[in-house]
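The structure appears right after this line, and notes come after that.
Labels A, B, C, D, E and F are assigned to the chains in the order they are written; within every chain, residues are numbered from 1.
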């Protein structure tokens, strides 16, 4: 159970904590571990806003209000579901198995109240830190399936993802399940969080189909440009900031010098990977397209962050930069690749979270002697297979019951007008024929052509 | 004096701190308490930006620059006034009475410098944490009276609110005044911060009157849609994030396991209440209007947060979700209610901060055995009465001296052009006839009709 | 070496840390110092987003995507260059000299791992905190030279600024170089960060020349209004928030009560200076122009923050407010002054960071007995001379090789269309004739006139 | 048929629209324009430099009506759009030779 | 010369443009307008209050062509822009007395 | 009276406006349009896919003037708006049968 082993490692390094009678310091360690969870957890919660702004900036203006609503409401769903089912299913009595137990979660800090701080941190702080991760997986999905999915169908999917799919696979690697027994190493969730969101998004994108007008019969790609680049940039800055908590908090301890040193290294490497990913992506697009597409630079930074997430503690700064840089290049190449397959990924979620989530997981052994490539590979495959199957079932069940896609006319008018009944920017004159004529604003021109 | 009792409770729980000679740990507790105030205080300061973005998103484009200026300048006023008058009026020598003393605040950490850490935290960290709360009350007002109030009159009101009204009533419950002696329980300020802002906003909205065009003679409501939904969403995310500090920092200590555990529970409950409020509001609007109004979902999340603020430490996660959920439903019902009364609340500040501030305060006894419903009720009434009277006097004094409302033509052209002399979005073509024709952009059509 | 002296001061104040054998507490101090660097460093990183939003809001819509890209990529460059060269050049073996040594930076925490915590904090946390400061200097430049500089030329300049110019001058005052030996006092970088960015921006603005249309032959100033005021406001809020970390983290310690008290005072003073600067600027513009220009109020808050940065620990709240207030007034006066000189500063970076950086540095002796006016003056002059010379060389080298300015037609069409090949707001109808006719959107009207 | 082109103050659109509907005018086309004329714009201020707003937001309403309706339409618009203050705008009438309803292909006055 | 003014549904612009290019019509001017007519807008909801969208986004295409081309242009636009659903729009034809190409000063049909 | 409709490059608006004012033309109405013609737009790039900007921003200036003024106005606009580069735009002249000033009800040339 990663959560505990690392902490115990910390405890052992710190004699004063190992000795039971030496209460005071041990209590301070308990306080510091708890506070670290809370502060880092707040930073991870903030990432939900980052995804929200990134996606609001990369969808067309007629779908912005809807994507805002999805991004904030999915975080509400994550909190409720992780309380009702998720936490215990992920962490309660997994014991090397395939899932935990069902049941509401409740805080139990009796031991600590009685002066026994061996738990290491308060129950609530741990729940909080684990819960915010769950929300991140949903955010990945929302960006990929944007501009065409029905609001309530999307939220229904999030319920299952947060309540069942995410916690079950999470129990394997983080809850002390079979993968962790095998020695699978995924420090902060390249696989367990990002690729899981990616696989769920992939099945969703395929089952939903592309937005009308994105691909012409001739196979040509009609860009549907995002409506607000500064918002997308803000979202990326927020994600970058939150990621220090995402990875840094995953040290799961702050009660001793060893943990503090590890947290420092993790944050520094997280930063270097983002730098590497962004700069590599910028150079790549400059070379490929002779211009630097901002959205690719943003994707590059996120790609670097996802890539380092599986193993941010072991690399040197240089290695972290390179791991991130490879991620940035992969993301730039993956975008046209998915377009060739006519898999319509609105914000590049697959290129960033799925592709780099896999890359990052497989890259762990490069700098971490204890990790084995084979085990990492098994973890990637097993998680992918599980999520593809379960999420496909959910998407299809929704498709053949309440439906998952808005009507062609609703898509043309925009989800905001049809599903939310309001506009995101009502005071502004929108152009209904954009760069590639007829595309932005109203895509139906392509619709009728195709 | 809430501030101290809670901390002392913490101290007693921690033997090493109770013993005077055991300096080292006690010093660390002092450091941790101080650091908690600073970090949580920064999060609360951040809420000022949240209010700013929420309000910028919910006003029409012609009033956006003005609301931005109000939101940032009121925070400046809060800082200066809380230093000049506020802090001492709220906390200095209240002794069960009705107010503290006048006088500049200055830090005194002599004792701690001399090795006596019984103060528990540095003076500056305490001042900082208390000051940022003061700003929040003003932010509530600005959203409610937006789009028609004069800039300088609004700022003048903020001066009085921060310097006199807020600190005096705050001394009753938090400064060790008569309400705290009675056992009034308002953990982080459902009444003392939010409902105070709400009452001041209510009197302001009534004395100002509605925006031209909002209500037609026939009593019909003409919506004046907000101009930027993603900004409003960002603002809500920021407020949600900041609220962890608002409530979590109100533990007022981090120096021992007991405080750390309490802080964890407070943050978890704060999050659950937001989730409950938002989801309940979404379901409610879907049922009532068959569509999910994003702005109502945002209000719902904030309603949940306000509702839990009076007692975030005692509820279970389930109870916190329900308390928040009720708040979310109340907010959705309150919006049309205030419209029926022709009280024009631009951003829903009354529905969120006043209504749910009251609800949250009255809900404390449900989960907190030590709180009495009667006392809570007295606290709500006394605070309401005091703020209604004092703020009405200030609003009316301003109205009959420098005036509080812009001219009809200025309102038609927008406060930005007239009061600030600039546009918030000068490069963009604005539509002067919006959804409900003639309303957004220029409201004067309704003006001339009515 | 500021970094260490201050910390040692802290150590001496704390007996338990002075005694070598008393490991436990000392370890906790080590943990707290490290955690403070990490948390405060995250806040400073966040300022990069603040600069990005401020600048996105203050440039015209046709240059927004480009400024977004510059602001996020410069932070990537800062991280990489500070690792490759910067850190060691600034801190490794300066010994009273003029620069450190070249070489990659790598973390060395061996001593701490072996139980010797005298380093005070982990190497990584220190590197992280120093690196984020380096990024801030670049951000200052980007705002000033916006809307006309070539993307890659700007990034090339950032490489030199982060790798050579910033670290060398930084070593003088912070790396233990000759200025620190002289007793030069610049707590968090009014000179070392802000004025350095300012001087580099000044040379850039002069060598680049003004944007077409900004100044007519007749010497009249044609305003080119910023396109998004709420974004500029958000950016200012972010910077204000981040500044608590910028100055607060510069205590460089949290391991004892003395540091915690100092951090509290620093944050309180930082806040008061921002309040003073903003309110003073607002009153000033109201008096001068009869209207309150939002962008001037924002500049005023930042001016206050820059002004207090050189000495936030020693002033009283009142003194801090006044120091900030003077800064705010200076900024309001400096804007038209630079316009008179036809130095085109798009966002007011010179007025805020250069002018107030100098003022703040010279103001230190007012409240800090240990600082000498003469030494402060020498520091300002030496830094200014060094940066003017070095950055002029770099700007001119770039000008006569790859060129630094986009073509007149590209400038007319906007950098977004020409350099990035995309629009920041493609869905929105932009007005090509703005307030001052022909100015916003397309400035070429003025071009052809002049 | 005639085209009646009206340049009006934006907040008058509602009244004009209502009047037209009451007269049984089934359709109109509206667009945002900016006007330059006797009415002078206000000055704005940006970072210490003042500048004049030359072009004032107006609404252009285009109505294609039968020749007989022109007089009634013109006087109705003139009545509704007038505030008596400078900048109320203009009404211009011109000839339309042919009109087609795209949906049905109907032409002439039936197409209106 | 004649001016052919077409009010169409925005998503039809591409088809109309393509048809014109195929006919060798070298230029056109397009603008955003809002239309009021038989086609009714949808209702929107804001904070509990519903309201009707009266004005529907349309595109106005202006083509100045020689008298001979008019018929072909009109029928092509009518064919391309039609969906058979209400709100397809109108085509109005009027006379243009003179046309000048600014760049060259050419006038008449050569200027088109 | 005649309507002189000018499609010009946006950055030429100032010069045209100045020239008109100097000629004593008291008013004009301006709007944002997009033009399609010989001048080809630039290509943009988004996430690896290139696309052509077909429609180029232009400004439409509408002037209603007395018949005598037409020639002077046309040549002034042609002079001011011309850069000699492709895409300078067009001037179209058409007849206005009637003009009313809404404020006063004046009609004919007095209303201009």
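In this text, a residue touches a chain if its C-beta (ideal position, glycine included) is under 8 Å from a C-beta of that chain, and two chains touch if they have at least 3 such contacts.
These figures come from a predicted structure and were not determined experimentally.
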item: Shortest chain-hopping distance from subunit A out to subunit D; value: 2
item: Distance in touch steps, counted as few as possible, from subunit B out to subunit C; value: 1
item: Interface copy of A-F among B-D, C-D or A-E, judged by whether over half of the contact pairs recur; value: C-D
item: Higher-contact pair (C-beta pairs counted), C-D versus D-E; value: D-E
item: Averaged-CA centre spacing for the pair subunit E and subunit B, given as whole angstrom; value: 52
item: Cα-centroid distance, subunit C relative to subunit F, in whole angstrom; value: 46
item: Shared-contact residues (touching 2 or more other chains) in subunit C; value: 25, 28, 39, 225, 228, 234, 289, 291, 293, 295, 421-423, 425, 428-431, 433, 435, 437, 441
item: Of all residues in subunit E, the ones touching two or more other chains; value: 17, 30-32, 34, 44-46, 54-55, 94-95
item: In contact (per the touch rule at the top): chain pairs; value: A-B, A-C, A-E, A-F, B-C, B-D, B-E, C-D, C-F, D-E, D-F, E-F
item: List of subunit C residues in touch with subunit D within their complex; value: 221-223, 225, 288-289, 291, 293, 295-296, 332, 335-336, 339, 348, 433, 435-437, 439
item: Of all residues in subunit F, those that touch subunit D in their complex; value: 3, 17, 26-32, 64, 94-103, 105, 111-112
item: Contact footprint of subunit B on subunit C as seen in their complex; value: 14-16, 22, 25, 28, 32, 36, 39, 43, 60-62, 225-230, 232-234, 236-238, 240-241, 244-245, 248, 254-261, 263-265, 267-268, 271-272, 274-276, 278-279, 282, 289, 291-295, 297-298, 301, 316-318, 321, 425, 428-431, 434-435, 440-441
item: Complex contacts: residues of subunit A adjacent to subunit E; value: 412-413, 417-418, 421-423, 429-433, 437-438, 441-449
item: Residue ranges of subunit E touching subunit D (in the complex, touch as defined); value: 2, 6-8, 31-38, 54-55, 58, 60, 74, 77-78, 81-95
